[in-house]
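In what comes next, chain A is part of two complexes: it sits with chain B in the first one and with chain C in the second one.
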Partner chain A sequence: MTDAGQEHALAVDGLHKEYPMPGGGRLTAADAVSFTVPAGGSLGIVGESGSGKTTVARMLVGLVRPDAGAVRVAGRLRETRTPRGASARLARAREIQMVFQDPYVSLDPRLTSRQCLTTALRLHGRDDSLADGLLDRVGLGARESGARPHGMSGGQRQRLAIARALAVDPKVLVLDEAVAALDVSIQAQILRLLGEIRRDTGVALVFVSHDLAVVRHITDEVLVMRRGIVVEQGPTDGVLAAPDHPYTRRLLASVPRPGWDPAAVVGA
Partner chain B sequence: MLLDIEHLTVRLPGTARPVLTDVTLRVASGEVVGLVGESGSGKSTTANAALRLLPGDATATGRITVDGTDVLSLTGDALRAHRSRTVAMVHQDPRSALNPVRRVGDFLTERLRGAGLDQRAARARAVELLAAVGLSDPERRVRQRPHELSGGMLQRVVIAGALAAEPRLLLADEATSALDVTTQAEILALLRSLRTSGGDRTPGMLFITHDLQLAAAYCDRVYVMYAGRVVEEGSADDLFARPRHPYTRGLLDCSPTLDTETREIRPIPGRPPSLADAFTGCEFAARCPWAEAACETWRPEPVALDGGGTAACRRLPVTGAATATATDTDTVTVTEGSVR
Partner chain C sequence: MTAPTLAPVGGPRSRQPLGVRVAGGFLVLVVLAAVLAPFVAPYAPDAIDLSASLVGTSGDHLLGTDSSGQDLLSRVLYGARTSLIAPVLLLGLAALLGVTLGTLAAWRGGWVDTLVSRITDVMYAFPGLLFTVLIIAVFGAGMTTSVLALGLAYTPTVAKYTRSVALAECRKPYIDAYRVQGMGGARICALHLVPNLGRSVVGYLVVLFGEALMSLATLSYLGFGAQPPSSDWGLMVQEGQAAVVQGALLPALVPGVAIALVVVSFNVVGVRAADRLGSGR
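Coming up: the complex of A and B.
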C-alpha cells in the first residue's frame, strides 16, 4: 500500500483495544487496525455507531491506551503513556491534534477566540502575532476574534477549534465527527477550509465520520469498520465505487439518493 | 386536505422578525411531505403549530386545520383528543419520549388505555404493535426498560406509541437523524409502509429533516424553509432535478453526494439568520448569488412555477437558466490536491 522508503506523516500498525463488558466477557472495540497517511493526505474512517471509529481516533491522540499496536508520526514511535515533563508533552501535542464533534466542551468559556489562540501559541513557544493569521485562515472576523464560545455559532466554534489545533502546527489532525452537528451550508464551508489547510500546510487528516458522502469528498483513502474490525480499506474512490465487502455495500445502499427505496435496503 | 396550514405567521416577543412568516403548507391523506431547511428555519415550530404547541407568549395569525378541525381555536378535551389521537409526533431523541425507569410496554399500554382499550386488550395490542414495527421477541420487549434497547429499537417503540392511537397525521421531526444509515433505512421503510395501510383513513406524514438529499429521495412533495418562510415547494423529483429558488440550489450545491465524478461543493457564504436578524426584503439576499439591490426591498411571495410548485424569488427567470455564474469565482473542489 505504501512506497518503500517514503516517510509517512502517520503510520499505524496493529492497534487493538478491548473493554470489559458489564456482564463479564470482553468487547473488542478495535482489532488489528493498520494504515498510513502521507503528509497532506487524508484518510477517512467510516462505520456504524459502535464500530470503533472513536476508539481508533482516541488511540491515535493518546486519549485511549491501546492494548497492542504502534502509532508513528513522521517515523517516530509515540509512547503509549503520556510522557512526564512539560516539554515532552508539548512535543507530543505537536505531533497529533484532535477536533471533536462538539467544540463547546473543549473550549475555555472564559477566553475570547484570540486569547484562546494566543494561549495555545505561547504554550508552544510560538509567536502571539500568528493568532491573527490563524483567525483569518479559518474565516473568523473581527467580531468573532473578540467573542467567547457562547457568543458564537456552532460553525464558528468549530472553526476556532480547528484554528487552535493548527496553532500547534501539528503533523496530523484527527477530526471525530467534526462536521456532523453543523448545518449543511456551514459544513460545506468547513470542508472547503479543511481542503485548503491540507493543501497549504501539508497536515495529514484522519477524518472520522458516519457520513459516506462527506468522506467521499474529503478523503483519499478510507477504512470501513464494523464491530471493531476493518472489513475493507483502500482508495476512497475505489472502495465507494466498487465495494468488495457486503457490509460496505449495505452501508452504501443505505445512503438516500434519487430513486432510492429504503425497503430495498432492508431486503438486501 | 388532511393538514392545511394557511398564511401562518408566528411572532415571539422580543424578536426582530417572526418565527414563521406567511407559511402555507398542505399534507393530503397518504402523502409523505418533506419540510427541509437549516437549523432555526422554523421546521419544528411549524410541526408544533399543528399540535397547537406554540410558546405561551407567541401570537399566531393565519389558519391551521387538521381533517377540517380548526386547530388554533381548540381548547380543553378537544385539544387533548387532537394531540393524543388525531395527530402523533415522533422526535429525534426517543429517550426524551420514554420514561427511563418504566417498562417499554407501560408506555404503550398507557396510550392504548387513553384511546379507550381496557388493560388486557391494551397489553395484547402493545405486543402486536411492537411486532408491527419490526421488533423481535415483542413479548419480552414489553418488559424491558429503555436502557436495555438501542437507539434504533427505541425509536421503533416510539413509533409504535405514535401508531397506538391510529392517528390521521404523523409528524416526524428529524425522527431518523440520530440513527445509523442502515437503521434509518429500516425505520423509513416502516414509516412508508403505514400509508398503504388504511383506506380513506390512510394517514399522511409531515417529514421534517435538514437533509435535502433524504427528503428528495423519500418524500412525495417537499417544502424548503429559510428564515421562517417557505421559499420553494414542489414534487420531490422536480425540486431535486430542477431547483428554482437560489437557496434550494445552494443547499443542493453544498451537499456532498456519492456521485462518482467529483462534484464540487460550493458553500453558501455566510450563515443562517437568527431571530435577531430583521429583513426589509428577501431574507436570502445577503447570501444569494443572484441578489440585486431591489431584492432588499422585495416582499417575498410564492410565484407559481411552470410544471407545478412555487418559489419565492423575484428573479426566477434568471435563476431558472443554466448555472450561476455569480458563484463560479467561489468554486472549490474539496478533494483537489490529492496526494495519492
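Coming up: the complex of A and C.
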C-alpha cells in the first residue's frame, strides 16, 4: 500500500451515493466504498440484488454522479462531472470502459458489428482497420462482422460489446453482470475470453456479479456488498473459502447453480 | 372447458389483410395518376370549353365537366399532384421541427422539457384550424402559407409523439454506451438516437397523412389555400358547390369522393404501418 496511486490502475476512495425514496427519506445505495485494482488485476463486486453493485459500477464510468468520494485511474483523479470539451471527454473515456448486462439492448440496433466498432474507433481518432483485429480478438468472424445485433446470438453480442469497449483501449474495464443474460456454456466462453484479454492487454477488470461461482474464477480480489455497505473484502480465494461475515456465508450457501463448476472450462 | 373456443384463423401470416391491400393498391394508383397526369388526362386541367358546361358523364368527358366546361377527370388527375405533394411538404416541416423539439425535450429533461411541453400543450389546446387561419390572416392566403401554417400546427403533435418515443429510447443502455465512449450529447442525438426513432416517427407521419390532406383540402375549400385555376381537390369541391344548386352533382362529388377515398386509404394503410413500424424488431 506504499506509494499508492501510481501502481494502481484504479483507486476508489469513499464513494457514496444516496437516492431519494418515493415515500420520503433517503436510500443509501453505496456507502464509503473504497478499493484498488492493480494494472492487469481483477476485482469482483458481489452482493444480492439491490446491494448497490450497479450504482458503484455506474459511478466508476461516470454515468452516475457520486455524492462523495474519488475515483483515480493510474493516479489521475476523475472529475465527477462529464467534461464539456471533446478531448477531455475522450481522454476520460480511455480511462474506464463498461460492458453492460444485457447485450440485447446495449448495442445500437442499426449498426453492424463492424460499424459499431468503427464508430468507437473514429470517435477516438483511431484507424478503421483496427476493427478487424478487434473482431478477431473476441472471436467474431466475417459473417458476424456484417451482421446487426438482432442477427446475432447473445454470446456473440456480448463479444461485440467487449470489443467495443476495447476499441477505446481503456485502462480499466467495468463489467456489470456481463454474463448474467447468457447460457452457462456461453458464460464460460466469455469468461475465458476476458481472462485472455486481461493477460494480453493488461487491462484491469472490475467484475460485478451476483454469481459467486463466476467471480471465483475471474477475479483476484472480491468485495462483498450489502445494502450499499462493503461488508467484506480481500483475496477472492480467501474470502470464498473462509468468509468472515455471516452475510457472505449466506451468499455462498445460496450459490444459484451448484452443479456448475466453471473451473473445468475456464482453466482448460 | 365450457365455452367453445374459436380456432385461430390459419393461412400465411405475411399476407396483409384484404382491406390494407385494397387501400394500398388504390394509393399506388393515385400516385401513378399524379405522376402520369399529363399522359393519361384527356384534357388540360384548365382547358375551358364554355360550350360543354356542366355536361354529365359522356364519351368525351368520362366524369363530366364543371360550369366552365373543364373536364373533371383531367382536373381530378392533375389535382392528385397538389393533394399528395402538399401534405408531404407540410409533414416534412412538422417532422423537422417536431422531431428536433421532441428529442431536445427528452434528451435534456429539466427546464428544457418543461418549456417544450408547455409550449406544445398550449398549441395543443388551441384549435389547429383557428391557429392556421390566424397565420393566413397575417400572411395572406395561398398554398405556400397554408403548408407553412399547417406545418406549424402539426408540429406539437409530432413533438409530443417524438418526445415519448425518445424518452423510452434514451433509457436503453446503448445510449449510455455512447456516453461512456465519450461521445457528446448532440452527436449521440443526431447520429444515433434520432435515426433509431425513424421507424416509429415515419409510421406516425403516415397516420397523420390523411388528416393533413383533409386539413389542406378544408383550407382550400374555405378559400385560404389553393387559388384558381388550381385543380386542388378542396378548391374543386368549393367551385362545384354552385353547380349542385343547378342540379349537377358531379363537379362537387368527383373531388369529394377522391378526397374521401384517399384519406380513408391512408388511414387504413397508416394504422397498419404504425403497428408494423412501431413494434418492429
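One rule holds in what follows: the second predicted complex is superposed on the first by the 249 of 268 C-alpha atoms of A that agree within 3 Å, B and C clash if a C-alpha of one lies under 4 Å from a C-alpha of the other, contacts with A are read in each partner's own complex, and residues count from 1 in each chain.
By our rule, a residue touches a chain if its C-beta (ideal position, glycine included) is under 8 Å from a C-beta of that chain, and two chains touch if they have at least 3 such contacts.
Nothing here was measured: the structure is a model prediction, and the numbers come from that model.
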TODO: Name the contact category of A:Leu251: first (chain B only), second (chain C only), both, or neither.
DONE: first
- [ ] Considering only the touch criterion stated at the top, classify A:Arg227 as touching first (chain B), second (chain C), both, or neither.
- [x] neither
TODO: Have a look at where A:Val105 lands relative to chain B and chain C in the superposition and call it first, second, both or neither.
DONE: second
TODO: May I ask you to name which of chain B and chain C touches more residues of chain A?
DONE: B
Open item on the list: Quick check for you: in the superposed arrangement, does A:Arg126 touch first (chain B), second (chain C), both or neither?
Closed with: neither
Task: Of all residues in chain C, those that touch chain A in their complex - done: 172-174, 176-184, 192, 195-196, 281
- [ ] Please give the residue numbers of chain B that touch chain A in the complex, ascending.
- [x] 38-39, 151, 180-182, 184-186, 188-189, 192-193, 210-214, 216-218, 237, 240-241, 250-251, 254-258, 260, 262, 265-269, 271-272, 287, 332-340
TODO: Show which residues of chain A lie in contact with chain B when the two form their complex.
DONE: 38-41, 48-49, 153, 155, 183-189, 191-192, 194-196, 198-199, 210-214, 216-218, 220-221, 235, 237, 240-241, 250-263, 265-266
Open item on the list: Under the stated contact criterion, what part of chain A meets chain C in this complex?
Closed with: 61-63, 82, 86, 89-94, 96-98, 100-102, 105-110, 120, 123-124, 150, 161, 164, 168
